[in-house]
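The next part holds the structures, each set out as structure tokens.
In what comes next, chain A is part of two complexes: it sits with chain B in the first one and with chain C in the second one.
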Partner chain A sequence: MRKVWSSPNQTGELMSVRVLILGVGTVGKGVLKTILGKPEFSVCGIASSKGYIYSENGLGQEALKQMAAGKKMSDAADFKQGSAMELVKEKEYDVLIELTTTDIKNAEPAFSYMGEALVRGKHLVTSNKGPLALHFHELDSLAKKNECMMRFEATVGGAIPIFSTIRDYLADEKVGSVKGILNGTTNYILSRMFEERIPYATVLKEAQDRGIAEKDPSYDVEGIDAAAKLAIIGASVFGKKNAYSEVKRTGITHVTPEILELAAQRNYRIKLICSADSKGMEVSPRFVGLSDPLASISGTTNAVTIETGSAGPLTLVGRGAGQNETAAAVIADLVNIEKNTR
Partner chain B sequence: MKASLKVILRDTPGQLRKALEVFENVNANVISVMHVHGEKVGDEVPVEIIFGIPDREALQRMEILLRESGWKVLSIGKIVQLSRITVGIIGHIIGTKSFEEMITKVDELGANVCDFSIRMPAKNIESSALLTFESENNECTENAISEIGKLCEKYGLLLIKPVS
Partner chain C sequence: MRKVWSSPNQTGELMSVRVLILGVGTVGKGVLKTILGKPEFSVCGIASSKGYIYSENGLGQEALKQMAAGKKMSDAADFKQGSAMELVKEKEYDVLIELTTTDIKNAEPAFSYMGEALVRGKHLVTSNKGPLALHFHELDSLAKKNECMMRFEATVGGAIPIFSTIRDYLADEKVGSVKGILNGTTNYILSRMFEERIPYATVLKEAQDRGIAEKDPSYDVEGIDAAAKLAIIGASVFGKKNAYSEVKRTGITHVTPEILELAAQRNYRIKLICSADSKGMEVSPRFVGLSDPLASISGTTNAVTIETGSAGPLTLVGRGAGQNETAAAVIADLVNIEKNTR
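On to the complex of A and B.
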């Protein structure tokens, strides 16, 4: 594996791992806040859609703190208008943290950023689902060819360590299937419909008022977000080649309070379940028996059950989204790369 | 497969051992033996034996061997363990032949529809229903769910399957 820049400086101390961050939205600010307290990392560049700031020896701590607190990057003295690709392609750094907005139709421009960084031999951490759902194997091949690490824990299940559990803890196990609740918005809506016996449209409005659902909720309620996450699981765990297009997808828009009530009478809950195994991948509302740990997952919480050969089923539960949770997953990946490449 | 045999034995030592000699001939493996003393008549007592046996042919051979040897067989047969599967269906079910076709299809596949519950909140609003069927094995269950799925697609209904 390619080593990060680790030669000692003039005083004999190991140099920090230089990090380039693309995207300074909610997750980006969360990552900045956490990374500031870690001397083993130095942020040498940050880019948004409007421009970037960069310093080969690391950006000033004060400027980064202000940015993490919400100050606009364009107000920084050394802000330059230009494309993030300029940074990715031409500047020096060790790890690219790609946190730009997901595009599930063509995965751009993030896919190009990631590809370019890997071709240059830079390690990659991302929370961006689009490129991995659509092009996992291309990126994975590039990473292997160029001896880089590609980590993507934050793309699925927020703070839940799904991929590191499979990669590290279950390294010697054959994973038979993965199933779970991977979209907090739909789980919130189904939970509220069940608890209050109120129709989908009413709960959706409530979720929008509370900031849990977007104004255009289709990405969540039609299962697109869940399908993208499942595709990443399908590609990385079960080797699916055209993972996203292979996912059978049904959303929750037709689920009624009546079916939730009928199901409850038979000791079932209805959840939007993502399931993947070597045969295929499916996102759809499903009956879950009360003895299944997934049945008790309510609100915006996520959960995943990994079925293994000898270890049996293993269920992980946690917050599936949020600034701190997603940032924690990104930082965990970054630390993992740092430990494995020094 | 699992099977059961109810046979009349004389309530004297060694009778059960003799009867079990037939089991060895057909490669059957005894799981449990129960003497039904409540049904004892004179010195004859019914004994119920649960056992594993390779297939139906072996079970038929066992019955022939037992009868040829003079044992009074009250009953012998495969123990059928039915699993009960419930699916949800949402949409305009009433007024179409969707449900009728589902029952026919499930029946053709060897499963048996045993329960149906429906809620119809108001005219022109989608109904919600539960359809429960009994099935002998996984293959039959999967085929039945697959056929119900095709009919749901045909009639524009949403199918909710059990998680696994």
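On to the complex of A and C.
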């Protein structure tokens, strides 16, 4: 693996890992805040859709602190209008942290940022589902060819260590299948419909009022978000090449309180289950027996069961989203890269 | 960290990692079987309470295969009567895999084996709770002083990656507390008492008949096994020095079906919960709300919830014991050591 500590400074000491952050939304601010407390990293550049700030030897701590606390980047003295791509392609850095908004249609411009960084041999950490769901294979090939690491724990299941566990702890195991609840909004809706015996439309409205569901809920309720996450699992764990387009997908819009009740009478819950194995990938509402840990996952919690050869089924449960959780997953990936190249 | 690949062979190639296995029960056989398929490791010695076989350059594959399949070690041509301590103290090897029977009173002879190996700078993998519950601090200090790794994932929760997750994935997080169900026998008894509304003594008998509980069940039902596991968590995660003796412990012998039923009416389950934080450690039957993932853990399944600063609560669920699961955890530790010293 390519070392991130590429350039010793004038006194021969190794420099800190230089990080370039794309996207300064809530997750970006959370990541920034944590990195500021860690001397082994320095932030050399930050970019938003409007422009960027960059300094080869690391941006000033004070300005970064203010930005982490909410100050607009465009108010910074050294703010430059220009494209993030300039930074990615032309400036020096060791790790790209790609946190821009996800797009499941063409995954741009994030896919190009990631590709350019990997071509240059820069390590990559991302929370962005689109490029990985649509182009995992291309990105993974670029990473391997250029001897750099690509880490994406934050794309699926918040801070639940799905990929880390498979990569590190289960390195010696054959993973037979991965099955889980990967979309908090639909799980919340199904949980509420069941608990309160109220119809889909009523709960959807409540979820929208509480900010759990979007105004246009189709991305969640049609299973698109879950399918994108499942595609990343399918591609990275089972080598599926056109993972996203191969996911069989059914949303929750036709589930009724009566169906949930009938299932309960037979000791089942109905959950929007994502499953992947070497044969294929599917997102659909499915009966889950009460003895299955997934049956008890309620609200916006996510969970994943990894079936292995000899370690048995392992189920990991945690918060599926949130600023802190996503930022924690990004930082865990970054720390892992630093450790693996030390 | 000390390299395990210590001695290049005559052509200058690095040799495989030489493993010394103490204990050839079901777990030892499972470990042996897996190692045999992995060219990066060679088994140079195996010891039981009766004697050992050893060859500095690795034992023959055929003899090891027969042993993994159940052939008695004492029937091997090169079997020597003698103490395992001879091997540990005097012979060459890179990693000690300590799988002898656990003893929670004085942890011997396993504690001495481990200590001697660490003093010699040998890495250690173990499934043996006793020495870690009673002497974690001493062993950990020896490992640090002699620059070797000590891995013990198999001691708690079967193949559930509790320590790996905290060490590797949560390296950057402050762990606030660890809470879990760590004894399958008591969880099975409580689950059956609740499901069937039958008293403790009846279920205990059933568990004994099914081989889930021992003839003398006190080690499980008094919470001793759970306390030993919790002590390892308390010592390794929260730095408790006399961890086992500091665990507050209450078993399940006074729990009745009526108590379980009353709890259920208030939407609780009663579980034998192990909890540890910086303040202390406790094993006791406790009320667990139905929204807690631990509430739904039934039968011999184990589960652990790790509370972290920003990654939120993470719950890991899996089989708490079993030959394959324990062997898988041992192998995962061994592979991790090999990876970290490559």
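Note that in this section the second predicted complex is superposed on the first by the 333 of 342 C-alpha atoms of A that agree within 3 Å, B and C clash if a C-alpha of one lies under 4 Å from a C-alpha of the other, contacts with A are read in each partner's own complex, and residues count from 1 in each chain.
One rule holds in what follows: a contact is a pair of C-beta atoms (placed from the backbone, for glycine too) under 8 Å apart; a residue touches a chain by one contact, two chains touch by 3 or more.
Fair warning: this is a prediction, and the values are worked out from it, not measured in the lab.
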{"item": "Which superposed partner A:A47 touches (first chain B, second chain C, both, neither)", "value": "neither"}
{"item": "Partner chain in contact with A:G158 - chain B first, chain C second, else both or neither", "value": "second"}
{"item": "First, second, both or neither for A:I259, with chain B first and chain C second", "value": "first"}
{"item": "Which superposed partner A:I270 touches (first chain B, second chain C, both, neither)", "value": "first"}
{"item": "Partner chain in contact with A:V288 - chain B first, chain C second, else both or neither", "value": "first"}
{"item": "Comparison of chain B and chain C by chain A residues contacted", "value": "C"}
{"item": "Intersection of the chain A residues that touch chain B with those that touch chain C", "value": "none"}
{"item": "Residue ranges of chain B in contact with chain A within the complex", "value": "86-88, 90-91, 117, 119, 121, 126-130, 158, 160-164"}
{"item": "For the chain C and chain A complex, residues of the former touching the latter", "value": "30, 34, 38, 158-161, 164-165, 168-173, 290-291, 293, 295-299, 301, 303, 308-319, 322, 324-325, 327-329, 331-332, 335-336, 339"}
{"item": "Complex interface listing, chain A residues touching chain B", "value": "177, 179, 250, 254-256, 258-259, 261-263, 265-266, 268, 270-271, 273, 275, 284-289, 292, 294"}
